[in-house]
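The chains carry the letters A, B, C and D, assigned in the order they are written, with residues numbered from 1 in each.
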């Protein structure tokens, strides 16, 4: 078990290294291949060649790619120094780099945004798990009846409607027309928990709607499969009440496969919910992803990619550990 | 200024009720659409309140030396004073420079090569330290450190380096970091600029935020933008990139030293949103005051405003100073032949190009020549190719093609930035119009973020055969040189970041620019008129539109007027009534 | 152990009160599917006394398992099955009884052992938890007491170190041990009727011998009535007092085990016996399989549903093709159109020499 | 009849078990642990044993679906123990396999025609009469309707599916077929049909079978000789009738006696004579020292724990791996109670229950 976790963590590090390498390669090599110059992104439109050279030297763009990558890794582990003009600024480990576009260190920039994404993802996750699983179980138990059809139709809508549509429509209705909710935005939990919740309510619901739809369908399918298992028949043959058959024997194994899906969904959401964040003006990691890509801001792109990859591999690991905890048949090795 | 353009265009309709226009305050011009273009609306001196600016785009930098977006220069007026500045008046008056930090206009001497300015008394930064001429010089020196604080315009560098190869104050061996030789500060109140040659537009360069004072003690180099020293009535209280900028009063600012600024609100916020449609909703609901980027409302809100008289009365459609155009590369055949260039101009459909830009209200007026209306010397009626009538001239175009020796037409490539939807649409409109005269234009959508090395690299342009290059341009300073020189002066052809897309190499044009530098503004304006004529006669550039933007203003705003230089509301003049 | 008590004789129209401990009368189970109505069990009747074992034999799809699930009332929940007929257990009719009543009997008075103990036990709960649950549904009491009971029962079914193994999960048991645990679970409440549905099919032959031995011992000890459902004639021969052969949802031969094995009268039973190689006979050159394949329950052949596979189908004019034969006879009943004399003659002359 | 087509000596397959941080191999599942077998041309060798004894693994080693850990496999004079891809493909022409589960061994998305013709196409075997005709002939050979060429597996019953599997195996006209539990998933009446089919095919096509099954009755019916496996080892090999009449290895005795007899009148006698084994088969990861059956054997003595009995030929031609083979007298020792063997077995149970380890 311990060896397993250590080995998996080692794999996590390797995965993240590969992710940085690939991202690094893409954003440093591609401009070279297309003949464009990243240095140009940092300068004004009328900068002359000398200025460009200066930028290149300062950003280390004239170093070979492996040197640049080495410096990046060094920053991650021990931090690195940046020439900021009058003096150097030290970017402490883990130094994800320094965005020259916005003149900030990447790590604090991302850490600053993390609570937003965290609040959004966790809140929505709670909603969609409760809503999706509940609806799925009802649907499975009422298979073929009206409740089942209503749930499945709603789920189809949830899966099909894009978030910026549901998001903007719901904002238009609840924030501007009815005025029940404040216009979307983010208020820090520490500042005002109530406003934090009311402000996030709409994004939560919108995001949860999308996922709940998938979960309802999954839960329904899993529950139907589980309820046809031999051991459910055994439970009934023992004389168990139907609610215990479903509640105790059915749910436990019916919902286990959801752990995997949930873990990966939450993991990738923690890396940023791009559409939801932009639709609701939430400055989370997803919005950072979008902005940084639009601005070709490599250090931030690298940072968010690493963050996202980190959450996903960790989610994977947690899922596997959880799975082993829930299903005694699974042995970790 | 190649400035802020549309951010993420989430053009999804989110129609819903917003607050209508409420009663307008008394005083000044009567509230109506475009009332703020000509006069001061809701004129008031009432102080207090918080001005709520919004923007769907973050600032490029709050460092005066690094900002290049138009609205950021406008915002700079809140906290950065310069030796001279654009007057705070609507209409053409706003185009004039008036003394700001300086007590009077600069004294010209040495055959027009030396400018001497004397600072006012009692000027102070927001920490109470006095503003000296050395701070102004230091601020200008920072522009030279393009490796540390890049991003802003470098005109001053070009004028002041004069072969010194000054690398900026961070690599300056002078103990006071004041090693730039062409600028002298004989005392704390006097600053002397020694130019290599007469340059009439020089004061315009001094009005750019980058020429504002920076105290060496507070310079944090690349990080300076997060907390720049304030010389204006407001200081930056906090800046959270991508989220919000907050200004509060600079208590060391003395109104008696500043004839320009009103400083009415107690605080100013600029909230950055990711959702432009949502911002429009807030504007119309009255919970936001102004879109700071001033690039015009989204399509959904535009429809609404134009249909609702009350909302419409709260809107203005200023010209932004941009001309949208297609340049024809004289280095790419057959555009080395003037008749082939003329054929393109004549064959183009002015109306369809205007529609592609958003129509007469949100897009702009049909472009007829290459000087925008806010530049001295412009002639809005000068229409050498008869574009204003709005229709393509197929017969004339065919005649031109025949003269060019291509009666059967030819094929070429249009290079257009893929991140500018309106430009892509104009490319398609142009392509369609050219088809009528058998000019087969293929559209190449290039990576917009890399435009300066794709459109702006002549080698690449030649290699890819880009005959037509679609772009847009606004002046960094309101003179013919500020607008036209980078576009048409052969000495501005750069290997990278080139904007003389047509690669115009006309010595007579270059000579006119040189001549204009040495004469007074009125005489220079006449020279720029001539240059404009030469450019149009040479058929190098096909103007699409002179840009307009439909902007909405919260009726609670006081002292509202469009400043002609930016084609935007003058932020520093605004107050709030409730 | 000889078969002294005959199989109770009951027809579908018999309205007399039940005489046996278990009486099934004209049991029908139908499922509505997209392809049509599946008549899984189509008018089956039989009886069983305490302490006796009934073997139900048939191939897949013959309706033998569905019958057992119907007795336990397992078609009541989440199933589209339609069950009709009568099931009398110890004087109580079960088909018309309410759900709660049947639930209370399930696992208490009547219990079941399933074929594959790996899939029939919940993978997430320990053996102990599952047995304790079975006990406490019907008896309540403390978990601790129930666990001790479970340990005792595991010991009784021959699981070594039961106090340790009670906390193991099903997958940690070997196949045979798992089936022992399954048996322990179904016996924890001393049921009076035990239905074993292919209890040894998934097991190896040496383990099968152990399990059959165990069931036999336990039956002697508890005096339960046992229904043994299997496709393996060897297994029924080992345990059953009476045998019911099912084909296409119907009972086609029923009688004391000795009689059914020694003088089988239905051509299908002959076919079954002829199909299996036997260790207690000389090696035959060829087996005598039944031709064709078992019928689809949606589209049963007309008349005698065995007729397409029956080598003697033409011997009664077209009766085999048009008329459904009733199960007739007293102790040894057969559903076949051929007259009993002819059947016996064919068996002695044609079938028996080849077995 | 007596030319060996297949010779297996000392065949081993160990599946490694890794553990720890560096995934070092800490143990191995000794699925097949040194077996010797010979299959003569044209005969059927039955390989019986209970689940986990290694018989299926042995089948997969012989067909080289798995690579042996040790020992040699010689087919038709050629050492095929470690042959590589090219020669392996040639081997596939000569040795084919039939699997237990007719459901999972056929691709549900392919038609019968595609499934049966696949080996012909992979091996690029020329079919002068045309591919379709060749496949239809094969279908007819195994008793399927040739017109069902374009149907999918799910349209067939279990027995018919097994026939499809057989047709596929026969496509390349192999010399030998390794059949791994080919009838155990089928209903009794269908089982007999398939067994008869295999019999007929052997006669017609001069096939050699290695017939792997757990059902002793079926193996007895079809085999010429029978090998019994226990825990990765062959414990006894003998001609069919000899083995069933006079089993020599105690495990074979127990196995035979465990088979239920479909005759109620004899069940009391059968039960009396039955040798009931106790407990489970030990783990193949850590098999018992010496003789592997000793932990469950009523005849075990000290030597059984220390010395592995080799597979030796007894006077009557049986090959048995046992220090104390069962004699006929022991086996037929009639009595009012249980036989001697059974009685000894009973005692053993008592000790096992009293002292579980």
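The definition used in the following text is that contacts are C-beta pairs under 8 Å (C-beta built on N, C-alpha and C of every residue); 3 or more make two chains touch, one makes a residue touch a chain.
The shown structure was predicted, so the numbers you read here are calculated from the model rather than taken from an experiment.
The set of chains in contact with subunit A as well as subunit B is empty.
With centres taken as mean CA coordinates, the chain nearest to the overall protein centre is A. Between the Cα centres of subunit A and subunit D there is a gap of 53 Å.
With centres set at the average Cα position, the gap from subunit B to subunit D is 87 Å. The geometric centre of subunit A is 55 Å away from that of subunit C, both derived from CA atoms.
The distance from the centre of subunit B to the centre of subunit C, each centre being the mean of the chain's C-alpha atoms, comes to 91 Å.
Residues 2, 8, 10, 12-18, 58, 61, 63, 66, 68, 145-155, 167, 169-170, 219-226, 240-243, 273-275, 277-278, 281-282, 285, 287, 419, 447, 449-450, 452-454, 457, 460, 486, 494-497, 499 of subunit B are the ones touching subunit A in the complex.
Within the complex, the subunit A residues that touch subunit B are 31, 34-37, 40-52, 54-55, 57-58, 82-87, 89, 100, 102-104, 109, 112, 164-165, 168-169, 171-173, 176-177, 183-184, 277-283, 287-288, 290-291, 294-296.
Contact residues on subunit C toward subunit A in their complex (touch as defined above): 69, 72, 74, 77-78, 103-108, 111-112, 114, 116, 119-124, 133-134, 137-138, 169, 171, 185-186.
Within the complex, the subunit C residues that touch subunit D are 1, 59-60, 158, 160-161, 174-177, 204-210, 212-213, 231-238, 240, 257-258, 261-262, 271-280, 283-284, 286-291, 293-294.
Of all the residues in subunit D, the ones that touch subunit C in their complex are 50-51, 157, 159-160, 187-193, 195-196, 199, 214-218, 220-221, 240-241, 244, 254-268, 270-271, 274, 276-281, 352-353, 356.
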